[in-house]
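First subunit A sits with subunit B, and in the next complex the same chain sits with subunit C.
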Partner chain A sequence: MHMKKSFASYVIIKLIHKLITLIFVILLIYALLRLAPGTPFDQYLYQGKITQEQYERLLEEWGYKDNFITGAAKILYGMFTFSLFKMKSPVYNKPIIDLISIRLPYTLSLVTAAYFFGSMLGILLGLYCARNRGSLKESTILWVVLGIRALPVFWLGMVLLYFLAFKLGLFPYLTTSELEPQNVFHHMIDWLWHSFLPIVALSKIYAVSYLLTIRNMVTEEYTSDYVTALRAIGLREEYIVERHVLRNIMPPVITMMAIDLGFLFGGAVVTETVFNYPGMGTLIYEAMWNKDYPVVVASFYIIAVAVIVAITIAEITYAYLDPRIRRG
Partner chain B sequence: MAKTYKEALAETIKNTKEVFKFMWNHKMGKVGIIIFAFLLVMALFPQLFTKYTPDWTSDQIFVPASWEHPCGLDHQGKDIWTQVVYGARISLSVGFMAALLTILMGALVGTVTGYYGGIFDEFLMFLSDSIMMLPSLLLLLVIASLFSTVWNIWYTIIVIALISWPSTARMVRAQTLQLKHRLYVEAAIALGASNKRIIFKHILPSIIPLLFARAAVLIAGFIVTVASLTFLGLGDPKNPDWGYVMYTANKNMMIIVMKGMWQWIVVPGVMIALAVIAFVCLGEALEDYLNPKLRER
Partner chain C sequence: MKALKSVLLALFLAGLVATPAVLASPDIELVLATRQWKSFNPLTSSTVYANVVLDKIYEPLIRWDDSGFKLTGALAEKWEFKTEGDKKILTFYLRKDAKWHDGKGVTADDVKYTLELFQSDPAKFVNPDPLILKGLKEIKVVDKYTIQLIYDANEAPADTFLEMAFTTLFIVPKHIWTNKSIIPDPTASLDKPEQLIGCGPFKVVEIKPDEYVKLEAFPDHYLGKPEVDKVIFKIIKDRNQFAMMVAAGEVDAGYHYFFGKYLEEFKKMVANDPNVQIYRTASKSIHLLAFNFNKGFPYNNLEFRKAIAYALPVDKIVQKYYGADGAVLGSMGFLGPFFGNFAEYLPKEKLYPYDPQKAEQILDQLGFKDINGDGYRETPDGKPFEIYLLTRAPGDSFFRDAIGDEIAHYLEEVGLKVTVDKAGDYWNKWGAGSWDMAIVGFVPHKPTDLAWFTTGNPGNRVGYSNSEFDKLFDDFQKSGDPKLAYKLEETLANDVVFIALYHPVVATPYRIDHYRGWKPNPRYYTVGYWSLIGSPTKVIKETQVVTTTTKEKEVVTTTVEKKETVTATQTVEKGVCGPAALVGLALIPLLLRRRK
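Let's look at the complex of A and B:
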């Protein structure tokens, strides 16, 4: 009974902490936006498309003249009532929800495919390395990984695009399909074919980091005293791995996977720019150049919520799997 | 028992020699040292690698690679290989300075919060939690593009440090908390040593070696971060680094494809990769030196 209560209070404290962090993060982004020079209407003014008077009126109308407190209050109110997404973007003159609902599926499909492909490959190779530690196979894999790890994602994207798409013509260089999909299956294959290069470029990050982490964790377990003891009493290697080693590394691996899931958006921006991929990354990038406040704030709201939900799930799972955490 | 200046210097030289010897006999350490030395020579004496200056312009543009111009000429008629060679200086120094600033901030925040604790600790840890909650490249991108009209390389360095200190601070804080309860530190407290003395004489000396290993890893990451930023068009055109060469390449992708100027894309990326490999290797070797338990593997 006592256990249950302390676990619940642990979760509640964590959630309150996360809520404060979320508010703080959004205010930070808003403050940065307000500090930055320029508005979306500057270019119209310079080009002489609008008069000074119209310019002032536009600023008034779109809230660029609100003082910081009023603006922040509007944003926070919008955050909790979700009316933030119904606000209009001054650049596109459309509600944010319309913009995001077109872009979000692209990014979500890209990053989840890259994430699963990359992390699975990394975990399998990491386990393989740890099982074959000290062998020529392991050191070959590790040196190759060191090289791959050093390649910047945007560079990998450009090289793939140049050689595989432009020179060899194996993949399309447009990442959106121009064909009308005939059925779901056809649509899936078409999407995969068009997004294959960005997926490869992005999944590299996860493959490398998971390989190294898993390999280090498993190797550490293998060289620890309890495994030596288990070997000494004559247990089979497979049994030790399944019952003890994997079980011990499970909590940190689950935590890492959950946290990475939240951070997926960050890595997507650069990749999307290289491939001209019509996702959230390019939307945020354009919105920042245009000083499109509502779109930037709403996008960061989605990202921060994704990260917070992922981290909270990770922490709770960890505490559930490893009772020492919630006591300390 | 105060050491004289000469004795301290002699000891430092002896320690440096020992570290270098260990690194040279370490597989990754050796690779790291060789590549790093090569890049350092390129950064310090770029004249050795190219006969052109970065300002040299030809009257021809978009010329494919030849013996005269190993990577060809770019959209302004500049020699691309020269741009890459002179970019080494900028990429390396920006990565180095950003890492230095990050380490300084992290060490300061980490020791102070770990040693004193209290409300100050709570606040700074909350702040670091909040910063860690946002994808750092995206945050850097936001700040750089919002302030793009006034942006230059110094802002890049400062903003990277402001975004990246939390992880170092957390590491230093954890170490400080551990060291604080060691017997020798408790003995110093009992003897009435001042807080300042304990931090500088007893706690920091055990943390500094770890910071060197951390700095190597940070530099490797920051070189890519800075290159990504300039690649997205948020660099400082007055100080073109490796990312800037690739930014111009990406802008002219269609012409590059038509003329087959793949060197324009490949060479700057290979340089970035070499730099990252060098610092990752140096970091791993240093870590092995500091943590003898890992050496046995």
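Let's look at the complex of A and C:
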């Protein structure tokens, strides 16, 4: 009973922390947007499409003249009442929910695919490297992987397109498909084929970091006494890895995976832009470019909530599994 | 063996059945590229990337003809200007055969509705030229196909500028736009085919924001069915991706262009492909070195600006990046060759030739001298002097970063210290006016964009002010006289308001294996209205313009690099049944021989 009570209070405290974090993140984003000069209407003014008076009216109407406190209060109110998504974008003149609802599924599918592909590849290669520590195979994999890690996504994207699409003709140039899907399976395959290159580009970030982390952790476990003891009693290597080594390293890996979810969204912005992928990343990029504050804030709100929820679930799971954590 | 024979026979018969159908009327389907737009709405879109598509869906009253330099009737069969006292009356006589994509006829009510909607909030309907509304007092429907616009003659712009302005106003269907269940907000971006009912040569079949728009030929268009049957405009943001897709035959043409070394690389990429042609034309844009008059001395000093002009060998700098034919060297006036007889060519090297000694002499006279011996001149009152030169981030646009370095180098040769800011947030800094000198690209769309140099104009970011220029501009806007444009250009040149660098000559590729009816012109390059119409089934009627019309302009530096002589419009079928029949025919004798 006592344990349950302390666990509940741990969860409540964590949730309050996360709420404060969320408010802070949104305010920070709004402040950064306010610091950057420019509005979506500047170019109309410069091109002589609108008069100075009309420009002033547009600024007033769309809240670009609000002081920071008023603007932030509107955003926070919108955030808690979810009316943020009903606000209109001054660029598209449409409710934000209409813009996001079309693009979010694209990003979620890209991020999910890249996340699984990248983490699985990283974990498998990490285990392989740990088991072949010091060999030529390991050092080759490490060299290649570190080289790939150093490549910026926009460059890698272009190289992938050049070789795999243009030179070899294996993949399409654009991530969008115009085919009418015949069934779910056909749709999945078509989507995977079209999205393969951005998935590869995005997943490299995770594959590399997982590979290095898993390799180091497994190597450390391998040198511990209990593994030597297990080997001494004649257990198979696979059994030792699956039943003992992996179990021991899983909690930090789960935490890492949860935290990485946030970086995935960040990486998606660049990757989507490079590959013309019609997701949230493209929307955010365009919105930033156009100074479309409501869209940027609402998009980051979704990302921040997703990341915070993922981290909170990881922390709570971790605390549930390991009581030492919640005792601080 | 019997089974195999039956299969082959079936294949052969299928081929025979299918082949005549393919040869009889092959559909021309084109894949074209555009770039990311902000919103997709004929009245609120402000980007050329949306307009290049909307231009095929909607019709204005007047449009540019296939040369891109002469006006012709679109929905208006003819129009006339009349002056009655202090009223200028513009009457449009509409075509009676124009139909909306849903079959309803286009009437004067639709035109009136569009104009009134635009008039209701010109700050939101930013696609049409606001000159249309300047001095507009009344809109009168005379009959179903005649509409009169009554202007205050003292306020209205010149007839020729009004005609040009009307090319930007796409007419929308009143019955669709007033139906709230279809278009709840006429200012919003439209993304459903039922919202995008126009009367242009193509109708919208499908639209996916950020991805593509599928269009289909509208058989009831007033010019007849366009030659191209289907078009898909795909959003391709990156120039390299576009280059690869054209080279691979995945895209036929697009609103992307190459220049300088990018063009050379692209040419190498398609060197062995006879189906790729390149259209080259002088771009509307002018790239110039601007002085910030708002910063005060020395940038507002004519002699200082002249010194800078003498210090720079513009020809040499530009040719280093563009080669001998990659750019039209800038006119010290503003309007480039695109503007035909409104542009007077005043090359910088003629007016202010490269003469570093003269530059140094002027700077000495102004009191800019190197007092402390560090190699750089100080201000006349002995303070350190440094020019903050704003330019674009590397790779951003038209080599402006590299040209910024060159300019800094030549200015340092005459003892001026320069800090080059290759800003990623260029536009913010430009708008904020925090720079001393800037390399900037202007894209004038019409001769009256010379207004950007009038006192207090929001587009006048350089802060130039000359009452004589303002007065001349007013006269020019009201008269439309090209001679006044020359005078304006000469004033700019005499005042060295900026140092002209170049008008880029852009090059855009297009493929001729699926379609040969391309009619490129400088407005939308290869993907303009007339390019996709090809040779429509009806003969284009002669347009009657009763009073003022613009004269035909001279086409300057517009060429098509032909790698193959195009003689007639031909199409290449994409069907698979034809090849299947050929395979069937080839295999049957082989099969029979084996049996023997």
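One rule holds for everything that comes next: the second predicted complex is superposed on the first by the 311 of 328 C-alpha atoms of A that agree within 3 Å, B and C clash if a C-alpha of one lies under 4 Å from a C-alpha of the other, contacts with A are read in each partner's own complex, and residues count from 1 in each chain.
Just so we're on the same page, a contact is a pair of C-beta atoms (placed from the backbone, for glycine too) under 8 Å apart; a residue touches a chain by one contact, two chains touch by 3 or more.
Predicted model, so just to flag it, every value in this text is computed and none were measured.
Under the clash rule set out above, the superposition-derived model of subunit A with subunit B and subunit C contains a clash between the two partners. By the touch criterion defined above, A:146 reaches subunit B but does not reach subunit C. When the two structures are aligned on the shared chain, A:38 is found in touch with subunit B and with subunit C. In the superposed model, A:296 lies in contact with subunit B only, and not with subunit C. Contact with neither subunit B nor subunit C is seen for A:237 once the two complexes are overlaid on the shared chain. Contacts of A:158 after superposition on the shared chain: both subunit B and subunit C are touched. In the superposed pair of complexes, A:60 makes contact with neither subunit B nor subunit C. Look at A:166: by the touch rule set out above, it reaches both subunit B and subunit C. Only one of the stretches 171-179, 351-359 or 423-431 belonging to subunit C overlaps subunit B in the superposed arrangement, and that stretch is 423-431. Comparing the two interfaces of subunit A, the one with subunit B and the one with subunit C have residues 36-38, 158, 161-162, 166, 273-274 in common.
Only residues 36-38, 41-52, 54-55, 57-58, 91-94, 99, 102-103, 158, 161-162, 165-166, 169, 173-174, 176, 178, 273-274, 276, 278, 282-283, 286, 290 of subunit A touch subunit C when the two sit together in their complex. By the touch rule above, subunit C contacts subunit A in their complex via residues 36, 38-39, 41, 44, 46, 122-124, 126, 130, 185, 187-189, 208-212, 214, 232, 234-238, 240-241, 244-245, 247-248, 250, 425, 427-428, 431-432, 449, 451-452, 457-459, 461. The touching residues of subunit B, when paired with subunit A in their complex, are 126, 129-130, 133-138, 141-143, 145-150, 220, 224, 227-228, 231-232, 246, 249-250, 253, 256-257, 262, 265-266, 268-269, 272-277, 280-281, 296-297.
Listing the residues of subunit A that touch subunit B in their complex gives 17, 20-21, 24-25, 28-29, 32-33, 35-38, 133-134, 146-147, 149-155, 158-159, 161-163, 166-167, 219, 223, 263, 265-267, 269-270, 273-274, 284-285, 288-289, 291, 296, 300, 303-304, 307-308, 311.
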